[in-house]
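Once you scroll down, you'll see the structures, which are given as structure tokens.
Okay, so subunit A shows up in both of these, paired with subunit B first and subunit C after.
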Partner chain A sequence: MRSPIRFERRLEQPKWLNWAIPVVSLIAALVLGAIVLLATGKNPLDVYGRIFERGFAGTRALSGSIKTATPLAFTGLCAAIAFRMGLINIGGEGQFYMGAVGATWAGLAFGGDLPTGAVVIVMALSGMVCGGLYAAIVGVLRAKFNTNEIITSLMMNYLAAIFLNYLIYNSTSYWRDPESRNFPAGKPISDRADWNFYEIGGIKIPLAFLIAILAAAAIWVLYKRTRFGFEVGVIADSPKAARYAGIRTTSTIVIVLALSGALAGLGGAADVGNFRGLLDSKGLQMSGYGYTGIVVAALARLNPISTLVVAVLIGGLTNAGFALQGPDFPSGLVGTLQGLILFTAVAGEVLVKYRIRRNRRIAAVAA
Partner chain B sequence: MNSNIFVIIASSAIFYGTPLFFAALGGIFTERSGVLNLGVEGTMLLGGVTGAWASQHVPGSAWFTVLAAIIIGMAAGALTSTLLAFLCVTLRTNQTVAGLAITIFAGGVGLSSYFANVWKVAEAPVDRQVRRLDVLGWADVPVLGPILFNQTILTYLSWVMVVLASIYLFRTRFGLQLRAVGESPQTADAMGINVVKYRYLHTILGGALAGLGGVYYSLAIVPTWVDGMTKGAGWIAIALVIFGFWRPSITLIGAYLFGALQSLSSTLKARNVQISGDVLDALPFFMTIVVLVLVSTRFAHRRLGAPAALGVPYEREER
Partner chain C sequence: MKSAVRMTGIVKRFPGVVANDGVDVDIRAGEVHALLGENGAGKSTLSNILTGLYRPDDGTVEIDGHPMQFSSPRDALEAGIGMVHQHFRLVSTFTVAENVVLGEPDSPFMMDAARVAQQVKELSDRYGLAVDPSARIWQLSVGEQQRVEIIKVLYRGAKVLILDEPTAVLTPIEADALFKTLRAMVAEGRTVIFISHKLDEVIKVSDRVTVLRGGKTVGTVETASTNTRELASLMVGRSVEFNRIVRSNPADVAHTVLTLDGVSARDDRGREALHDISLMVGRGEIVGVAGVAGNGQRELAEVISGMRPLSTGRIDVAGESVQSGRARSAIAKGIAHIPEDRLHTGLASSHSVEDNLALKNYRSSSLSKFRVLRRKAIRAQAADLVRSYDVKTPDTVTPVRLLSGGNVQKVLLAREFSSLPKVLIAASPTRGLDVGAIETVRARLVEAAERGVGILLISEDLDEIMSLADRIVVMYEGRLVDEVAAEAADRERLGLTMGGSTVSGGAR
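Here is the complex of A and B:
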């Protein structure tokens, strides 16, 4: 059986592919999504129009989208930094929760005493440490016992979710509001622990988004300009070669996963400090920022700077989804679209590696 | 006697372990061909939601409706994994990300929830269920009755499948060729085996079995559809494939162990045993990690390793 097309490996990868492929992927995902919508009796143009309107048209929509984009930027960076080394950390979700737990603790403990700036720093650090340590467990298991990090990191998402439920619903923990006896809720942190917003051209930019920009720049420098980044690149290309070259692969695995988790944890801290102001077990679990972060990283082709841009795009989509949810905008649609985007983004990677050619008879003889 | 707690746990271990086994058996076929399917969770949910829809809407006698629901759920699973096969085999994409894409696309907040919403599946109970049988009238026999003779037809089907799958994998030419494709596609290709065909067929078969596992959830375990109702079962199934060293018989045992863990929470709560429900809920996930660490030690790996070409796209031009 001969297929009508064949793949020809590219000898070099032109620069324009870097932006062309994500754009084509996004368009393809929207077309596939339109098919799903048509098949279930919805008007795709109408649905997409409303998504655009609620997600991107006007300063209010953009403010909302950047708000949703902020956690996604962190979880996207979390996925990107690990995937770059071939470590599939899909535990961003759980690491995000743990970061929120750590930051809420810091906010509750110090929010009353320290000045705002110091509280923000303590919360951010506490979130990073909690997320980072949580991911480091996965790293140690991978480095010491060669345990598949995909499944362990995912299992730890479920464990973290159960831990959140325990803290808020099934115990009288430090995180739970003692006055919420019938409707369990988190204890709010003091106003002094609230992170700032800045208004630029009518759009409200949360402090955490600015931190995400700094983090992305730092990662870019780390991977492009330092010895550590170079070593990570070698390990990603060939672990064997790295070992022969004397690079310590085991400790690098743990460090990269801890960094990855710290980024997700920072996102969790931002979620508490900038947006929710308390540990919101149910809200965190419903948002699924960790999983969406994987979509963001894949569409950004694991580049930290593009991750920010893609986070705003996907944030707009997600934000519109929250806003529009109702009888004629079924839940699950946004998740479906995100999944389709991930599909087309992976499929698009083929075009980076190969050229697609029509199969002619002569080609078959030559092969 | 039959209300003894150990009898109840053993009986529910099999009851809750059956869908895990279906999904894991599908995983064995898929991975034996060299394709890693991380989309099991999403595939199960799509199977579950289409099965639930069919159970509510297909007319006819009760058993016909249930049969149709099972077939439709399996078909949905097969279709989902065809997509995966297209990405992994034809387009040779990164199999890990492709599988994740399936789970995000089809999963608890994706297409399965969208379908449930559009078709209003969750608004009414799924009345036509796969019920527990009373085989030979022995359901009340002490100890063995509830464990062995009071399961659903699907559990008995799974026992037949263990035997058939083991024979297929280790005693037939097709099984041998399948394993060759998973171990060394180059060699298999040189022997004249169609690598692409084997990978497609077994990925699709794996998806159909995952769909069957999903139908079990919506038609046997929970009488009403809930978004994301498999709650990580698909991921546990992937771990079970590793735990079972890619062999159906060991995987069945593993599935029952995890079935017991999953049911422990509700069983003990019903009996007022004083253990934190959170600890019990966490147990399956925690044990999955423990088990994975144990089987990934170097010793276990050398003796009973994964298919060598697992997760590696096959490129004929680059031999």
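Here is the complex of A and C:
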């Protein structure tokens, strides 16, 4: 069978495509969504108005979007920093869990004694160390034995999920609330271990999101301005050239994966400290922040600053989706709309790199 | 005679350059037609237009007398025109047969492996393209991979084959086999367009030659009625001669700058590639390493430049020992290296000219402070080197892969020479370059030697070695099998020892 169209890699990528494609993708998503909505008897303008209102209009909507965006910002940065070196770390999910485990331990252990500021720091560090070490395993396997990091990091996500279940459901661990016999749950950390929210221009911003902004800026500086960033760039471009120039490839791989995991781990810590207040095995596993983070990073073209913006957009869409759901608006329809937006965004990404051509038989045209 | 392809008045402009400026070529059915021209003459651009990768700004393309407009390589292939690119496009984990059917527009979901293997085998027997259909690409040598590319194009029924500098990646023996294949294809009525800037090859394989210079057609000549000298002057627009370059001050062999003492090393597959090599290079001396490719030359260069660990032996630079397998140590001791694979080993090709010029000294205190890069200093260094080495580039932030071959090599030379090395390892430093660039590179090497740099010149090109080296050693199967002073060298003896024959009275 012969398909009517085909994709061809673009030889030259015109600059204007960089902004034209996202705009066209968004319009395409809105048009496709409108068709779906009309078909189900809804007024598209009305629905889009509500999405905008619930996701992005006003301080309350924005506060909610930023809250939802916070874990995605961290997992997005986790993916971006590794992907930029050509290391496909799919393990943000598991590294996020491990960060949550480490931070909850720190919160439970020190929450009663230390002042809030110190507890926050200890939790954040503990989360970063746990996420970072967990990812470093993948790095060592890759650097020393050349195992495929996609597969190992993915497998370690499942391992981390089993570990979470073990801590909360299958044992009487330090993390489990001893009061919860019939419905096992995590032990809540003390109020002193709660991370703060700040009001800026009427928008409630979690401390964790501010940390994410700092982290994104730090990554930007690291990759753009430092020797380390230069080395990462050369390794990504050509490992042989890196070896030729005396760059230590193995240790750089391990460090980048550890940093990547530390960011996801910091996200896990933030999730516990700013929002959940305990190790929520089921909640974490249902959220899938690690996987969504990969999408966020990809849409942001691995740029750390854009990653934050995309995270807020996705956060807003998610919240608007929850808000739309109701007796007259099934959740399936919400999912369809969100899916369409992601789908056209990814399709747009493809169009920057490839062009679509029609398959014809011989193209003889009289000159 | 009938034309298979006729291109008239082809114009193609890129920002800032006219790559093709009214090119006319007329290719007859059933001939090997060479397109000859220096790097940047517009050969690849012309073939990309013929295969529909680029659209011409002006001009017409006729196939078998019919005007055509291709908008993609598939259109061209449907009209019977197939291209074997300079850079291969194979999936390294797939088998030969899988690669051959990959991307076929009509390929079924499941391939009939046995049938494809049979067809691949038929093609390879018919044209002398020896390759195992069930081998995986990563197991194949570069020459074999090229054969797969050719089979792929034949499998799709191409009647006109374009080969863009196919010999650049081949050893002389592989190149000869390729020429036989090309002759077999035209004997069956196919047409071959052979792109090259090497005069000898063009003379050897083609029926007619069209010479391009600066994007324009200089003329088309019958190969039988021309010679390398005429083609060279058509190509560069003046007469050229390669002579032994006269040195103003001789080598100072009393001062050794590089010593290899009983060096052995393994190749990537763990087999012993270097056996007990001992060698000395004096200050300002050029030692040529002759040999057929694949006899350990690459490993030798890598071992000295610290990219590959030694299994035994030691390497000293001016009396100080270099740590085995530590490129950083080699660089610090003053070893510069121009690797054979410039774009992927010597340079990070997607990186800018300025980044590549800083690739080895970005750690120095002049280019970074507290581990933060000093961009301004990096840019200033690049501007300086681009000027003094006459690198043709729009600016210093252009990725090196967009530069022409000669300018790529200039970037490498600029970086390696400006580090003021004590020792320079140059592996095939003029391979793939055009006549003008070859002259520049050779002059730079001699200049460096006159400044006192000890040079190890590894090359398959005997003429190059004989015209530059003070002393010549021959490598065969990982050993140094012969050594002669350049004045005393004769081609016949070198040729024999390179082929593994022992010569009585050999120096070691």
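Convention: the second predicted complex is superposed on the first by the 269 of 367 C-alpha atoms of A that agree within 3 Å, B and C clash if a C-alpha of one lies under 4 Å from a C-alpha of the other, contacts with A are read in each partner's own complex, and residues count from 1 in each chain.
The working rule: a residue touches a chain if its C-beta (ideal position, glycine included) is under 8 Å from a C-beta of that chain, and two chains touch if they have at least 3 such contacts.
What you see is a predicted model; the values in this text were computed from it and never measured.
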First (subunit B), second (subunit C), both or neither touched by A:Pro44: neither
More subunit A residues in contact [subunit B versus subunit C]: B
Partner chain in contact with A:Pro184 - subunit B first, subunit C second, else both or neither: neither
Contacts of A:Arg225 with subunit B and subunit C, given as first, second, both or neither: second
Partner chain(s) touched by A:Asn146 [first = subunit B, second = subunit C, both, neither]: first
Which superposed partner A:Ile88 touches (first subunit B, second subunit C, both, neither): first
Touching partner for A:Gln338 - first (subunit B), second (subunit C), both, neither: first
Which of subunit B and subunit C A:Asp237 touches, first, second, both or neither: second
Contact residues of subunit A, present in both the subunit B and the subunit C interface: 1, 367
In the complex with subunit C, residue positions of subunit A that touch it: 1-3, 6, 8, 11, 225-230, 233-234, 237-238, 240-246, 357, 359-367
Subunit C residues touching subunit A - in the complex, by the definition given at the top: 53-54, 60, 66-72, 74-75, 78-79, 105-106, 305-307, 326-331, 337, 339, 341, 344-351, 355, 359-360, 362-363, 368, 371-373, 375
Residues of subunit A touching subunit B in the complex: 1, 7, 9, 36, 40-41, 88, 90, 141, 145-148, 150-152, 154-156, 158-159, 162-163, 165-166, 170, 288, 291-292, 294-295, 298, 330-336, 338-340, 342-343, 345-347, 349-350, 367
Subunit A partner contacts - residues on subunit B that touch it in the complex: 38, 42, 83, 87, 91-94, 96-98, 100-118, 194, 227, 231-232, 235, 238-239, 242, 276-278, 281-282, 285-286, 288-289, 292-293, 296-298, 301, 315, 317-318
